[in-house]
Amino acid sequence: MSSTRHQDTKELPSYEEALQEHERPPPYTPPLTGSIMASITRLSRDDPDPIYEDLNNVVDSTDFADVDHYNYDVLSNAVRDVSLDTDGSSKGIVTMVNLDQYAKPGKHTYTAIGLEGSANKLGVGIIRHNLGPLSQENRAQVLSNVRDTYITPPGEGFLPRDTARHHRNWVVRLIKRSMEEAGVSREELDCICFTKGPGMGAPLQSVVIAARALSQLWDLPLIGVNHCIGHIEMGREITGADNPVVLYVSGGNTQVIAYSNQRYRIFGETLDIAIGNCLDRFARTLKIPNYPSPGYNIEQLAKKGSNYIELPYTVKGMDLSMSGILAYIDQLANDLFKGNTSNKVIFNQETKEAQITVEDLCFSLQETLFAMLVEITERAMAHVNTNQVLIVGGVGCNERLQKMMEDMVLDRKGSIYATDERFCIDNGIMIAHAGLLEFRMGKRFELKDTVCTQKFRTDEVLVSWRD
Amino acid sequence: MSDHLVELAKSHLTNIPVSLISQGAESLIFTTTTHPYMETSDEGQQYIVKFRPPKKYRHPQLDAQLTKRRTLAEARLLQRLYGADGISVPSIIAVDARNGILWLEYIGQQIENGVSSLKNYLWLEDSKADYESLLRAVGDMIARLHQMGIVHGDLTTSNVMLQKHGSQWAPCLIDFGLGFTSDLVEDKAVDLYVLERAILSTHPVHSDNYNSWLMEGYKKGYGKDQGKFKQVMKRYEDVRMRGRKRSMLG
Amino acid sequence: MPPSAVYKTNGLQHEFTTDVPRDELTTEGKTTGPSEFVMSKGATDRDKPSEAKDSAMGLLRCQVTRLQDDINEFLTRRMQQEASNKGDGSSKEQEAEELEKQLLDGADED
Amino acid sequence: MTAKRQKMSFSCILDIGVPFETEKQATIAKRTLEQDPILKPDDLVVRYEVNTSSLDMHFEAISDRVLRVAVSSVLESLKTVIEVIDEFE
Amino acid sequence: MSIKTVLPQFPQFTVHLFKFKNVTNSKEIKQNLIKGDKRYDFSFINAQTVLSEEQLLSAVYRALLDHTQDKIRTKTIHSEVIFSLSPTQNIMDALRRFGIQDDSTDLIVIKIVDSNSQEEFDLSVVEGEEVDITDEDLKSSAILKTIKKNYKLKSEDLTVLSHQIVAAIQLRGL
């Protein structure tokens, strides 16, 4: 059983560090301890701050720039495959579809740039495919993958207008950085991929503007990509999961997906709010920092909690509901802060002392929400008869969720696949990868078809590149 | 399928030769030809043993709570539904709640692609099959369930088993672990929505037909009480709208 | 010729030019910073636009920024005037504000 | 005094001219900007034209507020286009 | 005539079931039971309240399960069998409804013994006529009205009714 995650994960800031970081006045200086996440989120920073320069050097030497063709051998650590004795489920992607019918004569590779900005992360990545079907032996190459995150003060969510401003003001610098890191010239590119949706309207629009201008300037076709499909295809490519049930968990989405008949079909999903949204909103109630991400800080607090408090548990078949849980735990937190000693769950009725901490609340929230996620995933696995699970989306980085999923999958003798921060959290490379698959199947977008859409269901996309 | 869970089940089932037929999300389903207390006269008669193992991934407190709650909820609902007019569910043979075990009447038989669940039967795409009347019958039965104030909680085509009544297939509802009693229109509407979504994802090619047949049966199942039916329908449309309108941010 | 604009309404006309020396121009607009809301919550602006290159397009970017500021300020003054003339926060005004919020922050597409 | 809401006229008009170096640049800007719908057609009309190397934009709105929001939004995007051209042409 | 059976999950116990008609000493049996006379260590069940063998064995199963899990509510396994016939948690009520009455003439007698020791027992304490214990025989002495009242059931179909009774027995108190 190899369940090692990417080493850098361990160096993420602790909750206290994150807190200190946020209280520090401007100008922005990332924490010294921060490495992979801090560096990804701030890779584009051309701030002359020496600390930041150091950080870039660290990243450059270990992760990105010194490996010209950054391929997945480096990444095999990031894959969690809990049962190696499985039925060859990690054979990789074997496809009968001809992905090369539009290949340019004499050219042996395809290269795409991807632009993502559907929420508060702006990402640009460049990917390369060789001719032929993708497989363990013929894997996609990540040439660069840079990201910058819009961060708000503790207790606040992000407004679309400010997020859009962030994207607009960074997008050109990120594209430039991405091209430089990849060492790719514009002549090598085959297409420009962008997120068409789903997501927040203004941020999506701010990014597609750059994509359209670039496409005309370089005379390259545009490919609009469904954000969720980007997550799924990148997850499959990175981990080698062949035909998994996909748990897609992020700030805006909570879905259990499985492939059939050229569509990624949604078997289960939230009936109200998304998991990431639920965690973010609770983080706001607690007024904990949004850096590096609210969910990450809840995870750190939860690690220190131990008292389990019973919360509502609402699973409806393969669907689930979270708004009731959020309302309930918000109330508990508010009673705790206000010292409402009549609350018997929080306060010992004899001593009037709090018997529950903020850490316990985070712990209980995670235990309850994740148990629900694992349960609906398992139900979908039983329903479609598969024993592979792939976790994608920002919340997929959560180690507790991954561990719980692993425990479930072990009981089914199956395999779990997850990626680390670079691919779990919204990024440009997944848009490049999924877009390139569409490109190889001959798909092209006219300018008039590049208007972004806030609502774009996963099952609307015809998955032409799979059998 | 996990061996240690099977061993655990067997440790609670001394002298009962069981064979695992499926591993659902929360239970292992075994069949056996040994009745827990009756002498079996009929050779080949089978019984279902449903075992809810502890879930390692869940916090022990939550796990104990859910396992107990669901074993009992299922048993109680089956007790209420068994013998009710126009409803078919398996009968209870024995309950070992402390070990999470339910003994149930065996429902269904083998068909070309596995057990005779509605899911497998629809997957056969049998041109001679009368899917329409079958799905109407399922809708009708769900309506009766709802009129009794019972919500299934996990309506899928896997959870409808088919039994031969003469030459006709008749539906039988199973797996009430997520079921509960409720007379709220909302709960019934969500129950239907969950089914609609399951049809959509599991039987995408014919989902429109299947869903409309189900709904016709559901309407008919309300008999004279069309007012109640309309209330559920109205809320069902709301629930669907919520589904479509739901924020779909990345 | 730098970028320019002409505003017209009910007989009134106003012209905007951006014929300003290069060193008075910047890519950082006065009216295009972070929202007041987020600043009031203690945000710091880490997301200023990149500085303009010393190129024709760099200059154009600065000029458009200036033009945008001028137009925004001019129209804002007119809106304030109109509001004070009317003397009440009429429902039409609220409706308009709602409209503005919709454009900036998005709304349901259905 | 009628309860019926009066159809408002497009009384607020703004014309903007942005000179690029080449017609190609102006065309890229036009084609990039004109795809996205801005507000409802009842509230606003926008037209883009390229005249030699100049991008000419014409806005008609029912109020100053609508005009301001629309113009500022288009100019925000325009700045991105210019930056892209500046950096990658 | 009688039934001797071992439930597969509880091989350590052997279960004997007998049925008597025209019993004349029910009052005496009941008095000795109350006194705790060891010779009367049986389950004496009012046969009017029993519809099927399934009902009886289901109660035996329930009693043995609770016994082996250390969860019995009454003093002996034999009184527990009678309690197990009941759909409610009230022990006195269960004994009154399902146990022997002064005027009982149709009796079902159950004896559970250790399979290894095969202890002897003496049924001569019952003065009556032993009969077969098939479902047919059980039905002949059953009073449906009483049974339906005891279990609060309405079904006319006796197979369904019997299954419903089993469910009530299995779910008591859960």
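Here the chain labels run A, B, C, D and E in written order, and each chain numbers its own residues starting at 1.
The definition used in the following text is that contacts are C-beta pairs under 8 Å (C-beta built on N, C-alpha and C of every residue); 3 or more make two chains touch, one makes a residue touch a chain.
Predicted model only: the values in this text are computed from it and were never measured.
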Touching both subunit B and subunit C, which chains are there? A
Of all chain pairs, which one counts the most C-beta contacts? A-B
Looking at CA centres, what chain is most distant from subunit A? E
Which chain's centre, taken as the mean of its Cα atoms, is farthest from the centre of subunit C? E
Distance between subunit D and subunit E based on Cα centroids, please, to the nearest Å. 89
Using mean CA coordinates as chain centres, what's the subunit A-subunit E distance in Å? 63
Subunit A and subunit D, separation of their C-alpha mean positions in angstrom: 35
Residues of subunit C that touch two or more other chains: which are they? 32, 49-50, 104, 108, 110
Residues of subunit D that touch two or more other chains sit at 76, 79, 83, 85, 87, 89
Touching two or more other chains - residue numbers and ranges from subunit A: 165, 168, 172, 200, 454-455
Subunit C to subunit D touching residues, read off their complex: 1-10, 27, 31-32, 49-50, 52-53, 55-58, 60-61, 64-65, 67-68, 71-72, 75-76, 78-79, 82, 96-97, 99-100, 103-104
In their complex, what parts of subunit A are in touch with subunit D? 165, 168, 171-172, 175-176, 186, 205-206, 209-210, 212-214, 216-218, 447-448, 450-451
Note: in the complex, subunit A contacts subunit B through residues 116, 118-119, 195, 197-200, 227-228, 250-253, 258, 260-261, 263, 265-268, 270-274, 277, 308, 310, 313, 315-319, 367-368, 371, 374-376, 378-379, 381-384, 403-405, 407-408, 410-413, 426, 454-457
Complex contacts: residues of subunit A adjacent to subunit C: 25-28, 46, 150-153, 155-156, 159-162, 165-166, 168-170, 172-173, 200-202, 453-455
Looking at the complex, which residues from subunit D come into contact with subunit C? 11-21, 38-39, 43, 63-73, 75-76, 78-79, 82-83, 85-87, 89
